[in-house]
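Both of the next two complexes hold chain A, though its partner changes from chain B to chain C.
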Partner chain A sequence: MNDMSKKKAKDKNKDYGTVAYYPGCALEGTGRAYDTSTRALAKQLGLKLDEVDNWNCCGAMEVKNIDPQIQTYLSSRVMSIAANEMGHQTVMAPCNGCYHNLKKAEYDLENNDESVEVTNRLSEKAGHQAYEAGQIETIHALDWIKQTIGEEGIKSRLKKSLKGLKIANYYGCMYTRPRHIFPEKDQGPGSESTSQPHFMDDLLEAAGAQIVDYPLKTACCGGAHTLSDSDTSTKLVVNLLQAAEASGANVIATECPTCHSGLEMHQIRAEKRYGIKTDVKVIYFTQLLGLAMGASHREVGIQENISDSLNLLQEAGLA
Partner chain B sequence: MRPLAEIEMGIMAAGAGSEPARAAADLLRLGEEVLEHWVLGRGETPTDDTKEGFRLLALHRQGAKGEPSFNACRETCRELVFHYNLIILDPDHPETEKRLRLAGLVANHLYLFVHGKMEEEQLGDFCCSSKPIHANNIINPAPVEKAGTGQPGDR
Partner chain C sequence: MPIHEQNLIRPENIVTNENLEIDGIDVSGHWSTFIESRVVTDYNEAMEDEIAALPGGEYIHRCWQCGSCTNACTVNAVNEDFNPRFWIYLIRMGMESELLRDKDIIWQCVSCNKCTYACPRDVNPEGVMKATAHWLEKKGHTPKSPSMHFDEEFSSQVIATGKIEEGRIIRGFFKRTGQPLIQDWLLEMVKRLLRGLPAKMLIHMGLANFVRPRTRNWDRARRAIEEYVEEKEAQHAEALGLNKPGPGNRGLDVDLPKQAAE
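Presenting the complex of A and B:
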């Protein structure tokens, strides 16, 4: 790809109406409802998702732990296919882990010659063109909706208001940290904030929801340690859930499959292990926006969530 | 500085029966003590400096030096300070009780994160801090292996 193409990948005015879609492994497993609702929302909004051909694992936390350069290579392969084989300038990853890892790989390949060398060597062995930093822009599902539709677009397309839902937006950690791998954030009005992210707040408020001030929107859920130290994860999650309820929320909106399943599963575990019951519902933001845009609760996969929110959604006239 | 178990009890009890401003100050102090444990655990002396007028924030900065994953609790510290300010500046506000409850939960999250991290040092390393990009050889690049050997471990 030449320098002109790289410049296009960074063009602020480019069209995000069609993007390469990288669902990642979680959206084929525990986060299936996130995939279902992302596709349903795209359909409602007239946006096109072109799934990355033959995509692979982003390297997740497991590979990154053992060898960060292998993780960089794995993420770079996804970006290379999207850019060099499919001709896209933007890859959209709804999963915070995938999004974070593609961003990390981009940063790594721009700043670390050794990573470039390893990536080039492995790409040659694997028989595909090596990814070069700057060829494609990685965005999150929140960026995608915010950039293509925005708050005004949500308001003008609204079929069912989310009025009646009091929402605490939980962004988790990997969407904003570490801040230096997200150079487009903290760029003033219109950009996302790494300390007080607000894109999900903006979009769901535009859909009629009441957004509560939630002080733990980027706090740790212990997700990476959910198997090795389950009690710490459960206690952290219970605190997140209790804080959401104390903030007045009846829903926690999520934008990460790891956060989402962690909140759901530890909500149940907390009741069994510590006798602490919380009633706040855990729902993907894509499910909420999909409902607001007129999709049915089945179309956005509400029945696939562990957290049973059907009664609440029926009371709010959304199901 | 109280033992961690006592700090946990203190956070749970903060607010019960005491005036809001006093309870908010107690929670801020308990947050500082949590961070003192972390700093001492790293073999350093907890700072008495302040950052933006708060020792809690200075302690966080000290605790995060060389340990980027500790930034996972940076916003939690700032939220504790924010709620302290809300309560201190307007203790008669109709939402003071709610603010105090939230301050307690924020302080508790700080305690849980630091306590968890003292038991499981890697908490936060590979998710929010992406430690490998700090720890690999960006600053002092190692010699690059030029060619594969075909042996196990060869990339």
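Presenting the complex of A and C:
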């Protein structure tokens, strides 16, 4: 890979209209609705998704606990295919876990000699070109919509306003922490904030929704221990759900399949185990934007959510 | 938000004598309350180095005990005994028996990285928690935690096929931890999920049980990762002095050959 193409990957004025799409394992399983709605939204907005060929798991939150360098290798393989085999400058991951791990691998391959050595060695043994830091830019689905369409674009394309919805935007842990792997964040006006992220607020507000002031935007849902320490996860999720209701929200918008399914699962678990009932609906931000752009509730996979939001969406004239 | 400090006076060290007379003065009841002193004699001087040799623990020596990690901690907010700052202190001081008092909750770190975000010294407290939990298991102080079972099940599948399938992970995890697969809240979840699902997706989910999602031509990558895991295992065993035979010494259970044969 020559320096010219590395420069291209970092160019902020480049075209994000076509990106390499890395759905990840969760979007083929419990997070299917996120995949469905991301593709439906891309179609509505005229953006092109080119799925990474023969991708592998990024390592999620688990492989790093066996060894962090394996996670770096796994993530680097995905970036290597997108950059070297498919010639992309940008890879877009809707899952916070995938996004985080690709960013972390990028940081480690830029700054950590051991990571470079292990990744090169494993790539060679596995028989593919090793990824070099700087070859591709990893963005989240939120960055992608913000960069290509933006608030003005959403407003001008608006088919159905989200005005009946009061939304608490939940970003989770992996989108902003730890700060050092997201060098493009906290760079002043226009950039994302790691302490008070706002891209989802901006886009959904542009789509007509009422955004509530939600203090737990980046609190943790306990997703890493959703099964191995369920009681802790349930406590954390109940906190998130009750805070959203106290903030006046009837919807929590999500941007991560682990958070999303964690909120849905522990909403039920809290009800079953502890008799704590909450009624706030959990919906992916891509589903909400898709509806606003004129897609039907089936096209964005509302029925694939466990959290049943159909009545609420019908009342709001969105389904 | 206050910094939650560790209470150094333990309830079992507060002693009150019901009937006590000293120099002819009756000091029965709360008049005779004493705090028994604690004496620490068994320093484990190797502990910090051993934990620093495990992934995540590398920067423990940077800690200057400001407490930002504990203050930011998600788990501390639901269980005040979960105290990363205090554990880092104990590890650096070599106070093993004190650390072992909390051995059964250290694995509960949820990896939210709020501590890493807050830490002014780049200690990576999240990594230190993981390294410490591994150290406790490798040294035989604790049984394998549910979290470790989950990580091993997950990693085994990724290494074997390049991808995971969530249903298989859940089944494998419950099997490893000896829990029944039928749990009231999981059933309720499946019930609500089935309510609105189109037949196409049900068929897809059913098929995933038989046609395992996998990355094509993964074999060479699998072997490369397996070799690497073995190499690291040997390094960690060496660093922790586990090569000498002893009770409780054990390595990771990533099921490499069995998974590969499947």
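Worth pointing out:
What we mean here is this: the second predicted complex is superposed on the first by the 319 of 319 C-alpha atoms of A that agree within 3 Å, B and C clash if a C-alpha of one lies under 4 Å from a C-alpha of the other, contacts with A are read in each partner's own complex, and residues count from 1 in each chain.
The rule we apply is simple: a residue touches a chain if its C-beta (ideal position, glycine included) is under 8 Å from a C-beta of that chain, and two chains touch if they have at least 3 such contacts.
Quick caveat, the model's predicted, so the values are computed rather than measured.
With chain A as the common reference, chain B cannot sit beside chain C without a clash.
With both structures placed on the common chain, the touch criterion links A:Pro68 to chain B and to chain C. In the superposed pair of complexes, A:Asn54 makes contact with chain C only, with no contact to chain B. In the superposed three-chain model, the partner touching more residues of chain A is C, compared with the other of chain B and chain C.
Of the two partner chains placed by the overlay, only chain B lies in contact with A:Ser247; chain C stays clear of it. By the touch criterion stated above, A:Leu158 is placed in contact with neither chain B nor chain C.
Once the two complexes are laid over each other on the shared chain, residue contacts for A:Ile276 go to neither chain B nor chain C. Looking at the shared chain after the overlay, A:Met86 reaches neither chain B nor chain C. The intersection of chain A residues touching chain B with those touching chain C, taken from the two complexes, comprises 61, 64-65, 67-70, 73, 118, 121-122, 125, 173-174, 177-178, 219-220, 222-225, 228-229, 232, 235-236.
By the touch criterion given at the top, residues 61, 64-65, 67-71, 73, 97, 100, 104, 107-108, 111-115, 117-118, 121-122, 125, 173-174, 177-178, 181, 195-196, 215-216, 218-220, 222-225, 228-229, 232, 235-236, 239-240, 242-243, 246-248 of chain A touch chain B in their complex.
For chain C in complex with chain A, the touching residues are 55-56, 74-75, 78-79, 108, 110-114, 116-117, 130, 134, 145-152, 154-155, 158-159, 162-167, 170, 173, 177, 184-185, 188-189, 192-193, 195-198, 201, 208, 213, 215-218, 220-221, 223-225, 227-229, 232, 252, 254. In the complex of the two chains, the chain A residues touching chain C come out as 25-26, 28-30, 32, 54-57, 59-70, 73-74, 77, 118, 121-122, 125-127, 173-174, 176-179, 194, 219-220, 222-225, 227-229, 232-233, 235-236, 264-265, 268-269, 272-273, 298, 302-306, 308, 310. Taken together, the chain B residues at the contact with chain A in this complex read 68, 71-76, 78-79, 82-83, 98, 101-102, 105-106, 108-109, 112-113, 115-116, 119-120, 122-130, 132-138, 141-142, 144-145, 148, 155.
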